[in-house]
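Here the chain labels run A, B, C and D in written order, and each chain numbers its own residues starting at 1.
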Amino acid sequence: MPLVKPLPAFLVSRYHGWRATTYEENKAWYRRLANEGQRPRMMVISCCDSRVNVNALFGAQTGDIFLHRNIANLVPPYLPDGDPHGTSAAVEYAVSVLKVSHVIVVGHSDCGGVRGCMDMCEGHMPELEEKSSFIGRWLEILRPGYEEVSKITDEAERIKALERAAVSVSIRNLATFPFVQKAVEDGSLTLHGLRIDIGDGVMESMTGEGWNFAVV
Amino acid sequence: MPLVKPLPAFLVSRYHGWRATTYEENKAWYRRLANEGQRPRMMVISCCDSRVNVNALFGAQTGDIFLHRNIANLVPPYLPDGDPHGTSAAVEYAVSVLKVSHVIVVGHSDCGGVRGCMDMCEGHMPELEEKSSFIGRWLEILRPGYEEVSKITDEAERIKALERAAVSVSIRNLATFPFVQKAVEDGSLTLHGLRIDIGDGVMESMTGEGWNFAVV
Amino acid sequence: MPLVKPLPAFLVSRYHGWRATTYEENKAWYRRLANEGQRPRMMVISCCDSRVNVNALFGAQTGDIFLHRNIANLVPPYLPDGDPHGTSAAVEYAVSVLKVSHVIVVGHSDCGGVRGCMDMCEGHMPELEEKSSFIGRWLEILRPGYEEVSKITDEAERIKALERAAVSVSIRNLATFPFVQKAVEDGSLTLHGLRIDIGDGVMESMTGEGWNFAVV
Amino acid sequence: MPLVKPLPAFLVSRYHGWRATTYEENKAWYRRLANEGQRPRMMVISCCDSRVNVNALFGAQTGDIFLHRNIANLVPPYLPDGDPHGTSAAVEYAVSVLKVSHVIVVGHSDCGGVRGCMDMCEGHMPELEEKSSFIGRWLEILRPGYEEVSKITDEAERIKALERAAVSVSIRNLATFPFVQKAVEDGSLTLHGLRIDIGDGVMESMTGEGWNFAVV
């Protein structure tokens, strides 16, 4: 059995639809983007969750947003140990090569990664504590956030606070990268944190006062 | 100076536009997605490049695609060493928790990461070889791909071959994860590889015969 | 008495407001736009009328739209006679230098220029027929459009038809410029025509079938 | 192939966002603007450059500014020769019909038109000297400004001086229109000249003492 299969027919058909419409309508622009390269104004770091549609939220077009997505929209601390760090590489490329003006971390409600982190930290998911659990090891990045919210007794409030912490911890970790620090200090880069509620569509933004969020 | 700034006004305004139109039109569906959780049919692994608009290519909607994006759409080999591996965590979550039916790796033309890998492997970018270069260390994942294409003398052909290798190497690395192997073997998961040309909109798909690509 | 006066205080104050907020929030991006130059995706040709807010209509930002505005959004026919033609110069700059992907002509309801053209053509405003009337001589560009709508008896319908003709005549004149023709033919440029109603906010777009407009 | 294409979908979508938010919020005002006509306090003459956002600079709203934009914000001298002069028509409409209180000419840094004029006057762009170059023939209006700054040896200073001259020459040309003269003399109109730096956001205004500019 071959390892790889051709693209499923329903995706082929949708792609042909895109090519006959969106591509056809915009091909002059796409050719320029190909010839001249991308020049995105911002980087967005969001969760892989299929319910977070970043381009739609911001009315963004092809070429507008340099978009990195991982489990729970986490940025690890600066650790130049020679190992591969995909998120750190994406941040370095956006800030040092593309010189984006904004890095925006977008968290969201009902995040499976954030829920997994809470369950793991509270001892309910020992399988996530195994060395072999990629999910568990990745969610360790959020453990300092859990420490800050663990005293909240209401579970719904605690999980919401941890979703916000997934944003604020990432912002703090971003600030440990020397090239991020430098760009923020010289005014060429600003950092922003958001959380979107999937069900009611309400967006919160970090205000810059402490680690507070306010409805946009 | 506060570390984080409120969301720029132009994004606030565009978000309000989304909320008044797209959200309003689809809120029953979004509420269900919030209440019942996501159930995406597929995972897509693409590049962060702002010119790769995965949802547009596949006419996909909120809830359809579990989307991981990193530099050069790379998947590292299976390495359960206890360190955080964001891409491996995303693959594990998609396959073991969400049980997606397809994992699709989407490469693209004019990829800055692939170009950087070639320049590094050919000795033209010593800064990418530094231990402190996150971009360089991440692109090491593609070095075995470079070895396979290095004999192609025409530079344009060599870079195109390396863009395809960024897909096929990732597919091969995916197959080193035990939970991926198992799902492929029991027929619950299929793997697919694509490359999209940004300028002319032509998509190629791996055929399953060797590592060949054919226009879709 | 000096010919020129300092900027009125209320504008100074509003500018300081802009500088302290919008500029401050976006200065990294503005600096890049200054260093790297503009790369607008589209040119818009609209009327000078204060009620036509092109950037707002399209959620556009600084850097997005190359914007030419004149009385009644008119483009004259190609006439390389060595005299200064501001509109033709703007079109040449957008298409030949900036290589925009779209030229969009935006007409509007209640247009004073269009009304003046109709009054002039129907003999009600002899002062517009004087050689010294810049307004009258400019509106001659629209006279061929008046000929096409003059048989419509209902005045409100006739004026609305002439507002649409101010768009379609401009599109036809655009097509007389060799560099526009060439760009349209090689697929690097598309032309679009719109009319926005100021009072009810309804936008019509030329459909490409004949010279018809349909609500967007 | 039809000459004109329907509005691209991304602009349709952004327009719907505008209609559902900005329009909806302000529709009472927009209806009054439609019923009673515009009554703008000022005319602004700026460059078409996508980086000059006049409404943003002055916190202006729909209905506030009668806005003419052309290459390099130039006003030609009074020349009632019966040919179409778009800029002169716009000035006549603003001053004689709308009776605006202010005409403000807004220049800017990094102006492609001003740069083209300097290159042409210094013999570096013979293609702009051709009779068929609309850009070149339009920029002739600024040639007298070039004569005044040509002795400045530092190139960056010379170009900045020419950007200022694009404003002051236009102001002087405005004063050659009899209806402008009359309105200035009877105190119903004032003229103003500005230059905005795109990168650092600093605005300079003509002071009225000679042709000097001072930071606002």
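The criterion applied here is as follows: a contact is a pair of C-beta atoms (placed from the backbone, for glycine too) under 8 Å apart; a residue touches a chain by one contact, two chains touch by 3 or more.
Quick caveat, the model's predicted, so the values are computed rather than measured.
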**Item:** Neighbouring chains common to chain A and chain C, by label
**Value:** B, D
**Message:** Suppose you list every residue number at the chain B-chain C interface; are over half of them used by both chains (same) or under half (different)?
**Reply:** different
**Interchain centroid distance [CA atoms averaged], chain B/chain D, Å** = 46
**Asked** CA centre of chain B versus CA centre of chain C: separation in Å?
**Response** 42
**Message:** Based only on mean CA positions, could you tell me how far chain A sits from chain B in angstrom?
**Reply:** 14
**Message:** Give me the residue numbers in chain C that touch at least two other chains, ranges are fine.
**Reply:** 22, 25-27, 31, 59, 61, 102, 190
**Request:** Would you tell me which residues of chain C are touching chain A in their complex?
**Result:** 25-29, 31-32, 36, 39, 41, 59, 99, 101-102, 187-190
**Fill in**
chain B contacts chain A in the complex at 2-8, 11-12, 14-19, 22-23, 27, 30-31, 33-35, 37-38, 40, 43, 48-51, 53, 55-71, 74, 76, 80-94, 97, 102, 104, 109-110, 112-113, 131-135, 137-141, 171-172, 175, 184, 190-194, 197-201, 203, 205-209, 216
**Request:** Over in the complex, which chain D residues touch chain A? Could you list them?
**Result:** 5, 8-10, 13-14, 17
**Message:** Using the touch definition from the top, list the residues of chain D that touch chain B in their complex.
**Reply:** 13-14, 16-18, 20-21, 24
**Item:** Contacting residues of chain C [partner chain B, same complex]
**Value:** 21-22, 25-26, 59, 61
